[in-house]
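Structures for review follow.
Note that subunit A is present in both complexes that follow, paired respectively with subunit B and with subunit C.
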Partner chain A sequence: MFLIFALITLLGAVAMFRSRNLIVAGLCLVLCFLGVAGLFLLLANPVAAALQIIVYSGAIVVLVLFVIMLLNSHEEEPAEHPRRIQRWLGALAAAGLGAGACKAVLSSPALARLGQEGPVKVMDLHQVGVSLFQQHVVAFEAAGLLLLAAMVAAVALVKKEL
Partner chain B sequence: MSPALLHGSLQGYILVALLLFVIGLATVLIRRSLLIQFMGIELMLNAANVALLAFARYRGGDVQGTVFYLFIIAVAACEAAVGLALVVALYRHRRTTDSDRADALRR
Partner chain C sequence: MPTLAHLLHLSPETLWMVAKVLIVFGGPFTLASLLTWVERRGAAMIQDRIGPNRAALFGKWRLLGLPQIAADGIKAFLKEDLVPPHVNKLVFWVAPLLTFLPAVMGFAIIPFGQSFVSGGQTYHLSLLDPGNGMGMLYPLAIGSMAVYGVLTAAWSSNNKWSILGGMRASAQMVSYEIAMSLAVITIFMRAGAYDPHQIIQAQWGLWNVLPQFLGFLVFTTCMFAETNRLPFDFAEGEAEIVAGYLTEYGSMKFALMYLSEYVHMVTASALIVTLYFGGWRVPFVADPGVWLSVLAFLVKLLFFCWLFIWIRWTLPRFRYDQLMKLGWKVMLPLSMANFLFHAFLMFKRG
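Let's turn to the complex of A and B:
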């Protein structure tokens, strides 16, 4: 199961990276997020899986697709300057970072020790709610304030005349 | 590849998160359209979430991980709203969503 969901996630991400059409890229992103939700289920965390589907593959991707259709920019515009060296340097930096980090993860004894199978505890909404409203009330209110500020900022940025 | 990696272990999840992050980073660095770069940023945020919840699971089902994931989602939603508003505002001014064409501070 882990392999199936990991493959769905990574193939969705690669398809998004390679697709010419931005709408297709958005749909590949949905596939990738659904794979991530499956990984969260395997991590005994159905709360996070449900939130992942509702917020990411529901709300955020729909917002991106809405903006793509609003601006009518389905394809990438033809390049003004080729800037080949910068693109190759970017690819090289990403590949180097990925290779180095993969090597570090695979050869780390501390990670292997932490990964010993313990008893599986399934996360439920009750625990999360209790922890959220007992220990993190201030952060919860701050998150609400942040969402309000972002909403006001988004309206102020796109409104033609305030 | 070891069988533990194939059937899901902590290292397997961290590896998936890493590859997801690298693909997102490559998208931001190589693609030119601001909208697909934005999708790359979302991909990197998701990679961080996978790593966070994998560590929470292998620490014996830590609740703090899920609470932190909630806050990350809230911040990601804010970032999506403001980022897309910026793209729309740029399109109003320059008629483009290409990040290479938005390279002058004033024109």
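Let's turn to the complex of A and C:
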């Protein structure tokens, strides 16, 4: 199961940046997100899987695709002066990010508990809510404030006369 | 159940799983094809016409036009599968699947009857057993994927009418999703749970529709918008954009997309029944048993399917700006008011 979902995720991601067509790339991104949702399910976290689908594939990518469809050109333009250094910098940044993520996973305390067999506790909405509003309440409120500011800014940008 | 499983040389769990998959994927599909007939005959009834009555089995039995379903199916299968030359081939082929899959997957979480015990084991009448952790988030997630069918079909057709219809439909689906989610969250809050089995359990004695009538109204309206049914039927419009995102589709691809609208309708009705009308509960019966509970669920489901058709042939369409105004300026505030009101009530009671 893990291999199937991992393959879906990787194929979606690779197909996304290989595709020259923006809409097809967006659809591949959705495929990638669905794979990630499947991986969340395997990690006994169905809430994260559902939210991944609702928020990322269901709302954000739809809006992005929507805007792209309203624009004229759906094809990516080839770069006028391809620069080697950009490509290398990009690869370097990706490698750094990958190494950081691997290190974070390998050094996490949950890894030591992996070998021990035990009843898997399924994450549910209740636990998510409790941890959000007890341990991470400041971050939660800050994110809410940020989103509100973004919303006000978006309205102010779009509206001609306030 | 165990004896039947023994006869088939299967374990009871496997047999039950196979049976459930057949019911959950075949049931809504069959119902949807029946609904196409109900829609035509119902429309005819409301408009004082006769409706389809020419198709006949072996040229003899007309059965109130029921063989029309089979005739349509055979026609769709045998028609030439035309792919216009200017379309994006890959996406054009995938779009009917993207429309159809979310439609049939949504039903998997709905409990369509009371759980029963047989041979010391409990059998739940929903494809996903209770306690899976997804609960009612699952239909929301699957429902939000339904936009892609419309979007991809519209864009890949490479046609002005298609893209206009697709844009309208997807904008409408995204707009109404917010009000719908808020209405559903109010249900979670009142029931203290988000698993459909527990939501139905919590509706013993009093169906949610009475204390949350406002939420019910908002949710049902949003369901009409999500399924692209009249009065929010903006994906199509014969006078302005031909058949909208379906314009370039023909034969079985068209039939699949057309049918998925009806499957969506069945799933939407099932959601309304589960959230607001007590699911499989029978009034004044504490323990209805399997058959009675399934029957009760079916009756409620069919009523709401009929309501979808009834409204389609009764109400005129909205204009597009009216639809957006209704969604953002009426439905969303109403949904929020409903949510805050119930939160306040719960806070008062402690």
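Here is the rule we go by: the second predicted complex is superposed on the first by the 114 of 162 C-alpha atoms of A that agree within 3 Å, B and C clash if a C-alpha of one lies under 4 Å from a C-alpha of the other, contacts with A are read in each partner's own complex, and residues count from 1 in each chain.
Just so it is clear, a contact is a pair of C-beta atoms (placed from the backbone, for glycine too) under 8 Å apart; a residue touches a chain by one contact, two chains touch by 3 or more.
Here the structure is a predicted model, which means the values were calculated and not measured.
In the overlay built on the shared chain, the residue A:Ala101 is in contact with subunit B alone; subunit C does not reach it. By the touch criterion defined above, A:Phe33 reaches subunit B but does not reach subunit C. Partner contacting the larger number of subunit A residues, of subunit B and subunit C: B. Contacts of A:Arg83 after superposition: subunit B is touched, whereas subunit C is not reached. When the two structures are aligned on the shared chain, A:Leu146 is found in touch with subunit B, with no touch to subunit C. Of the two partner chains placed by superposition, A:Ile8 touches none, neither subunit B nor subunit C.
Contact with subunit C, but none with subunit B, is seen for A:Val24 once the two complexes are overlaid on the shared chain. Note: residues 44-45, 47, 51, 59, 63, 70, 122-123 of subunit A belong to the subunit B contact set and to the subunit C contact set alike, using the contact criterion stated above.
Taken together, the subunit C residues at the contact with subunit A in this complex read 88, 90-91, 94, 131-135, 137-138, 140-142, 144-145, 147-148, 151-152, 154-155, 163, 166-167, 170-171, 174, 177, 188, 194. Those residues of subunit B lying in contact with subunit A across their complex are 4, 6-16, 18-27, 29-33, 35-36, 38-40, 42-43, 46, 49-50, 53-61, 63-64, 66-67, 69-71, 73-82, 84-89, 91-92, 96-98, 100-101. Partner subunit B is touched in their complex by these residues of subunit A: 1-3, 6, 9-10, 13-14, 16-17, 22, 25-26, 29, 32-33, 36, 39-40, 42-45, 47-48, 51-52, 55-56, 59-60, 63-64, 67-68, 70-71, 73, 76-77, 79-81, 83, 87, 90-91, 93-95, 97-98, 101-102, 105-106, 108, 111-112, 114-115, 118-123, 127-128, 131-132, 135-136, 139, 143, 146-147, 149-151, 153-155, 157-158, 160. Within the complex formed with subunit C, the residues of subunit A that make contact are 21, 23-24, 27, 30, 44-47, 49-51, 53-54, 57-59, 62-63, 65-66, 69-70, 122-125.
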